[in-house]
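So that you can tell them apart, the chains are marked A, B, C, D, E and F in the order they are listed, and the count of residues begins at 1 in each.
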């Protein structure tokens, strides 16, 4: 076990790489999901506030 | 008065964040300049380490120069500068606020980010604190001297190069003392040399805090009328 | 006959570009994608760290490879995807393509960052320096800059339609860098490894190292795609928020 | 404005631009509650005179004085100026812009902004970035500054440019309120500013280039 | 202009800016010798429509077509456009500016410049740098381009801004001559353009922001 | 068509001469950058000679970057770009004309002036022809690639840094081959290396003559609407 963590004397390098390999994708995932949640909440708030009143103006524009 | 001062800094920071990506852009540019130099002079790591402090300083100086010409020019072109001149804050403080904003969005992020290009140029890790300290003392001087050039060239359409030219001579003392301080710490010169250069650098920085706004305000007055 | 067959090609494209369809489809895909990518990564990590032998030359540091190499591949994959999506966006005016390119950028940038940092962490024990200025490393650094520049351009242009087109031009022109990275090791003398997996005459790498590498690469790729979908969904919502906000301004102006 | 004995006086004023005399020997006097409308052909020096009053252009000879104002402040610090440019940043929102200028020019930003926006019919646009505004909407935002911060002298260089009929109405109302409160207005225009009974100063009738 | 069967037609035109529909379902048609005056409150889309005709803004849906013009050229290449900005460089002189734009837009620069300057009353200023001009003089220089280069469609966005009475007269004369020669004018304005009998298109009466 | 093309170049040259001091300003900036570098890295003449070709290239690149952001921006801000787009010349040629003007006022004067800073950096006189040849081949590429960044950032108020950043990656091949050609000639590598680098440099330059205007026109189209 000890040997496993020791990594042949390169523990600092190998474990930093794996830590980064987990942390960077994780941070990206958290950021993406949080952003999605924030936008979803905003859409909900805006839609309920507007009711049906502004549906006409709010439809997606033609060119994109 | 103070409220107006901070309102101006706040506005500039906000504009920088919205349009220029804030300090991130300056850091990015810094990295790119540092990446270009090895391509130019070859990949020899020892050579790179030797010229690294100088390169970092030159990169700091260039990113300061590049951002400097729009400092007053943007406000001049849309008429904001007229209104800034009509506030109750003296033009000296207007200039000081602009310089502070420039430092916060250009100099400070660069100083904080300096270790990264340092590593890439194979710079000794133990030299980072000294280098960063010197840069931290020098960066405000670059902004506060920079506004002189920005003020002198306001209203000139292609002021970009001209502002850089006018300002470069003023930057040279900062560069000399800054590099000296960094090199002394790096190559283990006797302690006194590093300390002495740093003291001189701080003196230049302090002088620029006064000289810069006063000269810039005079330049603005000349150009605005 | 299905109604789709009576549509012209561009109409069919438009129909597929409908965000509602995309939202529904992606919602169904997301859960399985998460399971597959996380599962592959867990198994991959086990093989990478435990169930594979150290290299006879590089010792335990070879384990860095299982993170470094997939990240490097995905860095290039991300940019290629971005460039392809940009081409589709410019030529066919397909709205989802813009969003795809925009969403791919941060993910690709993250993997480029990972490739750079893990490479540096590998370089220190192997070459004795964190960073050397050889063609491969420099071109990956430039790839990172291109990602950042691409994202900065999106951020700097207020109007999304304009930003999309400008960014697409940048992505396409910058695509020249991808082959340069791939072949830099061949063209210039470098310290860096030449390709040993994707080559004409088959992989030259030991099979017991190939398995964890393949698992990690697949896992990261699925992860990439999963995040891409999440981010594209967020972009569609962001677009909707914008439209709703502007409509609110217009509506209150009418009162 | 408590200073109802305000008086803006120019005597023998001259203006030189690009080495050429634009006008000379100009004298006038405006008192609290009165407006001075500058007219004259293009290039006769209307904008130049306004910039001189705002302290943005050198006075070649003669004097320009404000009596009865705040003795601690210069003339420029007691004046609002609207030139041909609007002093707006596309990346800031309407309300941010107004807050900033109110803070800068010395008003109570938070308190005055809503009323100022309302007075120029901009309230529905408050959170839009300025870059999205049309020419007339921008001009109205530039004018809203005047309402957000109390300053006794208003200098208006062709304020009605790009405004629609309803906005010209609003501007008229705002100007009349300012005059009623004891302020002074100096405005340059080729049209009618809607200020009944204002003095008119016609510049450069002879040099009609 | 020999093409007296010129016709500019918009059908079902829509404009989207910043993700918002500015106008939609707009249709009109202007024939040779006729003028179309766009009016409407600030932000109703007058400038946007002119930019669409000039090819400077995307058409969200609908079509815009010119019949009877030069089939080799696009609509934009047959149109003159004056926007809110004047497209002038302070460092160039008046006559240099005119010569350059005439060369660029396709006229006989040397031959037409003097007459064009004359038509806008700028002849005495010909050798002055543009930076020395007043607002109205600049606007007149921008308008002189139209005279220096013959193009059948004129797009004018609030052309009278900053012009004095005499210049408005001159502009009116020039526009009438253009129409008499079989040209088309589309102009946006809040005032009167002095074109008797022009069609009027009122934009966005409902969205009065 | 050709008349319009040359009219635009002529206008840009005239404006550069009147406002920017023409090529003189660029040369001056070049000199100053070259003068600053020894201050940064120390006055060791051998070291300087070694890095001289690289430094000259980096300085060329930086002065190109500094002038680049106003290339379309100035025309955009005063409405000229709208009218340029309404001429009969395709936007690709507009971009090409602007790039040519940029080369004539920035790149060309620098190449002609290069021997002066070369001398200051203790560069072998016999290497000047090769160095200047390489710079002459590379400088147009810098202008023609530069317009891509200028076109992408037109209409962005603080585009300055952003344009530089977007363009730098494209400058790197020019830099690499340019430096290689100069160094090979300078340090007496076998003849083939210098020739090969020069050939590659010319290839990059030729490619940029096509790629630059096309990409810049696409960027302008995206940004103008």
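Basically, a contact is a pair of C-beta atoms (placed from the backbone, for glycine too) under 8 Å apart; a residue touches a chain by one contact, two chains touch by 3 or more.
All of these numbers come straight from a predicted model, not from anything done at the bench.
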Looking at Cα centroids only, farthest away from chain D lies chain C
For copies chain B and chain F, work out whether under half or over half of the interface numbers are shared, and give different or same accordingly.
-> same
When the contacting C-beta pairs are counted for B-C and for C-F, which pair yields the higher total?
-> C-F
Whole-Å separation of chain centres (CA-atom averages), chain E against chain F | 37
Which integer distance in Å separates the CA centroid of chain A from that of chain E?
-> 50
State, to the nearest whole Å, the distance from the C-alpha centre of chain B to the C-alpha centre of chain F.
-> 24
In chain D, the residues touching two or more other chains are 84, 89-91, 124-125
Set of chain B residues in contact with two or more other chains | 15, 19-21, 25, 28, 32, 39, 42, 77, 157
Multi-partner residues of chain C (each touching 2 or more other chains) | 138, 142, 145, 148-149, 152, 156, 158, 160-161, 164, 239, 243, 245-247, 249-250, 253
Per the touch rule above, chain F residues touching chain B in the complex are 15-16, 19-21, 25-26, 28-29, 32, 36-37, 39-42, 47, 50-51, 53-55, 57-58, 61-63, 65-67, 69-70, 74, 77, 156-158, 160-162, 164-165, 168, 171-172, 175-176, 179, 183
Can you name the residues of chain F that touch chain C in the complex?
-> 148, 152-153, 155-156, 158-159, 162, 165-166, 168-170, 172-173, 211, 215, 218-219, 221-223, 225
Can you check the complex and tell me which residues of chain B touch chain D?
-> 3-4, 7-8, 10-11, 14-15, 18-19, 77-80, 82-89, 224-225
Per the touch rule, the chain D residues reaching chain C in their complex are 90-91, 124-125, 127-129, 131
Considering the complex alone, what residue numbers of chain D touch chain B?
-> 54-58, 73, 76-77, 79-81, 83-89, 91-92, 96, 100-101, 103-106
